[in-house]
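A, B, C and D are the chain letters, set down in written order, and residue numbers restart from 1 in every chain.
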Amino acid sequence: MSSTMKSKVIGIDIGYIVTTIALVDIRGTILALDSFMTANYPQINSFVEQICERVVLLAEANGGFDTVRSVGVTAASANYKTGSIENAVNMPWKGEIPLALMLRDRLGLAVAVGNDAHGTALGEFSFGSAHGMENFVVISLGHGGVGSCFFSNGHPHLGCHGFAGEVGHTCVIKDGRQCTCGRKGCLEEYTSERGIIQTAREIMEESDEPSLMRSLPELTSMAIGSCCDQNDKMAWEVFRRTGYILGIGLANYASITNPEAIILTGEQTQVYKWLGPSMEESFEQHVFHNMRGKVKLVVSTLDNRERDVLGASALAWTVKEYSLFL
Amino acid sequence: MSSTMKSKVIGIDIGYIVTTIALVDIRGTILALDSFMTANYPQINSFVEQICERVVLLAEANGGFDTVRSVGVTAASANYKTGSIENAVNMPWKGEIPLALMLRDRLGLAVAVGNDAHGTALGEFSFGSAHGMENFVVISLGHGGVGSCFFSNGHPHLGCHGFAGEVGHTCVIKDGRQCTCGRKGCLEEYTSERGIIQTAREIMEESDEPSLMRSLPELTSMAIGSCCDQNDKMAWEVFRRTGYILGIGLANYASITNPEAIILTGEQTQVYKWLGPSMEESFEQHVFHNMRGKVKLVVSTLDNRERDVLGASALAWTVKEYSLFL
Amino acid sequence: MSSTMKSKVIGIDIGYIVTTIALVDIRGTILALDSFMTANYPQINSFVEQICERVVLLAEANGGFDTVRSVGVTAASANYKTGSIENAVNMPWKGEIPLALMLRDRLGLAVAVGNDAHGTALGEFSFGSAHGMENFVVISLGHGGVGSCFFSNGHPHLGCHGFAGEVGHTCVIKDGRQCTCGRKGCLEEYTSERGIIQTAREIMEESDEPSLMRSLPELTSMAIGSCCDQNDKMAWEVFRRTGYILGIGLANYASITNPEAIILTGEQTQVYKWLGPSMEESFEQHVFHNMRGKVKLVVSTLDNRERDVLGASALAWTVKEYSLFL
Amino acid sequence: MSSTMKSKVIGIDIGYIVTTIALVDIRGTILALDSFMTANYPQINSFVEQICERVVLLAEANGGFDTVRSVGVTAASANYKTGSIENAVNMPWKGEIPLALMLRDRLGLAVAVGNDAHGTALGEFSFGSAHGMENFVVISLGHGGVGSCFFSNGHPHLGCHGFAGEVGHTCVIKDGRQCTCGRKGCLEEYTSERGIIQTAREIMEESDEPSLMRSLPELTSMAIGSCCDQNDKMAWEVFRRTGYILGIGLANYASITNPEAIILTGEQTQVYKWLGPSMEESFEQHVFHNMRGKVKLVVSTLDNRERDVLGASALAWTVKEYSLFL
């Protein structure tokens, strides 16, 4: 059977705020982009319809729908093994959403659905800092949580039920802060932006020493960082404590998985300048001694506006091309 | 080239005390066994010579040396990726011992060398509770330490430098007990037999309430367990605390790797009767919520006298048959 | 979740004549066996019912149904990727039979279905001559056809649609004998028992020299072989020609896959004594020169009565344990 | 350890005539190119020196040598498993050349060496028509030979000794044309340009009918093709016969490996316009019936001047980054 190969895929990233759709070629060039507000479609059916309409329009305007090989979708709480979004906490749609099935039925294309961190790891592996690595960890430090995925022997490790990589919910402080997940002492309660702000509050309450942080109109990790730039001692203490705990969490992760590198992504990498030094020191101090000095800690160099849809596009290539007639 | 296949391997387990050599067939039947005191050969050369002599004798007495396909060796601090024992703490030979090379040169057979936990995981995968599992964890609770290895997608995850699985040196108590490795708060400081005894001592010091533990001639985990059998409240508290911390450590491990099962082996499984209930409760309490009730916790059912050499024999099958003439 | 692991599986081999059911443990010990005539159940529903009844009885009589982990089934024309028997030529049931689904629904257990050669390869890998090999070929020389499966990098190579390994239908003689498959010159037209008999007929027609073959009551490959034992020149010529062509077919296979070994199984290995020498000579003559003398040619040493159900049992371990409640 | 990742590799293709060196980024953008005549360096040491000098110059002129991660080299008869060129027929250097070792010693970088077809397959997988495919075949139709490599389950299948993919030396015509390799009837004796020319000669000798081919100044496959464009019956017969045999060879390959696609590359794809139709017809006629209409036959769409170094660059990413200090 003589054929022409389809050389483009659709990458879709569903964020709490924005859903982005990209047409991407094999080498990670984004050929076209579209996006809309996720919250505008609180009904899953109309959300899926909206995606499909825009995918078709984007493809038709850029070479034709029949040049599209497959679709990759990333979303929080999505599970590659089931193709579903499962009980996403901050999404408008509750329960189990069989998104891959819904999209495949409507688009007639093969669809892969995976969680954010899975997509990010594939993106770094295909186009970023993890290219060529068999074993690595990707950590996404976000506002609300800490996501992660690691590769084992050149393949994403998703685990038995597709839930692996939940380092954000490993317990780093026995009987520590109450986490939104119901447990105590979870890493993300200390190292997400929420956690950093909470630490800042605790430090301010511990004494009544002066600090620039006290007069910030809004406590954000960036604002705390800019206090550091003015040599605010208490602001530095926020990042020292956060870095120390993040260093423990990553060291534990590394002691278990022995990665070639840990790649940091997510909006909180914008405070890496202040967070990084104490994190790295704590990491080296807590990691299994044979790995000391051997695990690279790097910040992702992929473009922030491209990372998520690139990861989703990489996911699209993991499914077999689908046709009703094959 | 018409050939007869070699259907037996040599499995060697180097323990601190005893080195055991077994001739094992494909199905895990131990055809012959030999052993000697490890400490009798403090020079690595004479130790290797001793192994080789006994391997040849064992093989010649049981079908002939030329029916042996390959050799697998397990030892603490051995690294499959280098074939060496690397800075073993309690072994008589210091530094880096290129054991695979030394044995291959002398025996003329392919040799695989791996650490204890790697061998144990292969043994459980080949002949035990992990048979048929793609993703699982093996934990070995010993007197002095906690070893571990996990499988990812049907293969052992050794990590970038061969050091993966060091859950025993993950930090479970921030700024906790001083570990022999130089760090603080390592899991094995609480959950190895040494750790259990230390916990018993601490509990006895916390109060002057009576306890059967106070009159034990020697504090061992088994002795503490037998106090439990006589309803000693403080003895139960030892296992409650140990189980709680072990539950956290294993929950963290599971949250990262999402295994189908965690299989417990090692001499400390003899106290599982007392340790298990609190460990399981703590595990379910600390594991990532989507995995609750889904990760099997099981004690290895392999014969204690066979487990180590079976694991070593499984390792022997992972190397390609070697011949000077191929 | 504390658990006991299930340590037995059911292996079922569906042959044209007999269907065999075995209860097998992890190490390949057959704990119990049952069998019935396949043709007695020309309706697929009653055939499936018959299997289920016997599986339950076998399990209940040997430790209980709830000690069974999963089920593996081998049959001609079965496809592991779909779990179906697809257009089997000599089976009573036509079209596509979703056997894995039918059995899983009725038994409530995970079920793997694969073709004969896939099962045989897994059996040799788990319990036979291919143990420890990353790359090997299994060839089954049967009465009517030649089946095959090869391993690549330690895993069965099933190909894109699950149809790989059809060396029996590679064309070895351009515009040669008409094959039942519709093509011409297929390897199995020369090297199955049917092909051997056809060659014997052709040789007898080529001349009117005397031959013991001419007075055989029935031409079978064994009967022709016994003529060889009496130094019948024409009988030897049958195996010479067959071996020459089989040698080409296997050499082509090896030049493409470069296996460590080619393992021969199937009823026609009973004539290997006569077929082997010319096959081996032709193989060495036709294989890619760098592989000469390096590819082992071996006859399976597994017990004929056990081979098929052992392979089916190995297949059973490739599927994840299934439960409605997990 | 905080680090910057190296995001470029060197891809080197050693051809009989020209050796090309490229600096390539992760996404397959060729940043700089250099080349020299292979035959100018008949001594392997001076050839290696020449490569190293040019690699250093190229890197220094384009971002610095320390931004280069690793080196990939493709050459005929190179073996990825040994890192050596082994008995290359048309190269100036005889015997076994440990090229990977020689380059690594001089450059201080990790080096992968593989044969042409291995590189081509990796190139198609990374940047071309095979992207996203788990199972596919790449065939290179050259002037003198037919090279090939196939992927199994997402990985290159190199076989036990690294020699897999030698479809060019499968026997398609029993006792056929004498091959340069010593055997008879090899596919490449019919389907390389040499083979096509030989077929043209045979056809001209079979009769004394007129043909434009008879007055060609030089018989080349392109020249024969242009005769087809003028409706020369005998020229068409050349491609009909060639296509028929190539169809058999590829069908046999597909029946064994069941690929999603067969991707054709190499200089002889320039005659695909004439060769393709009969090849495709013969392929469908000879492939295992269940695969009919399911295996895509496609011509590579990668740029001819880039293909080889892109493949070599893809090879460079398969080795672990190397440093004397890690």
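Simple rule for what comes next: a contact is a pair of C-beta atoms (placed from the backbone, for glycine too) under 8 Å apart; a residue touches a chain by one contact, two chains touch by 3 or more.
Remember, predicted model here, so these are calculated numbers, not experimental data.
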item	value
Chains touching both chain B and chain C	none
Averaged-CA centre spacing for the pair chain D and chain A, given as whole angstrom	39
Averaged-CA centre spacing for the pair chain D and chain B, given as whole angstrom	47
Gap in Å, rounded to a whole number, between the CA centres of chain D and chain C	35
In chain A, residues with contacts to at least two other chains	134, 160, 260, 294-295, 320
All chain pairs that touch each other	A-B, A-D, B-C, C-D
Residues on chain A engaged by chain B in the complex (per definition of touch)	86-87, 133-136, 148, 150, 152-153, 155, 157-167, 169-174, 181-183, 245, 248, 251-253, 255-260, 285-286, 288-291, 294-295
Of chain D, residues touching chain A in the complex	1-5, 7, 26-29, 69-70, 127-129, 131-132, 134, 260-261, 276, 280, 284, 293-298, 301, 316-321, 326
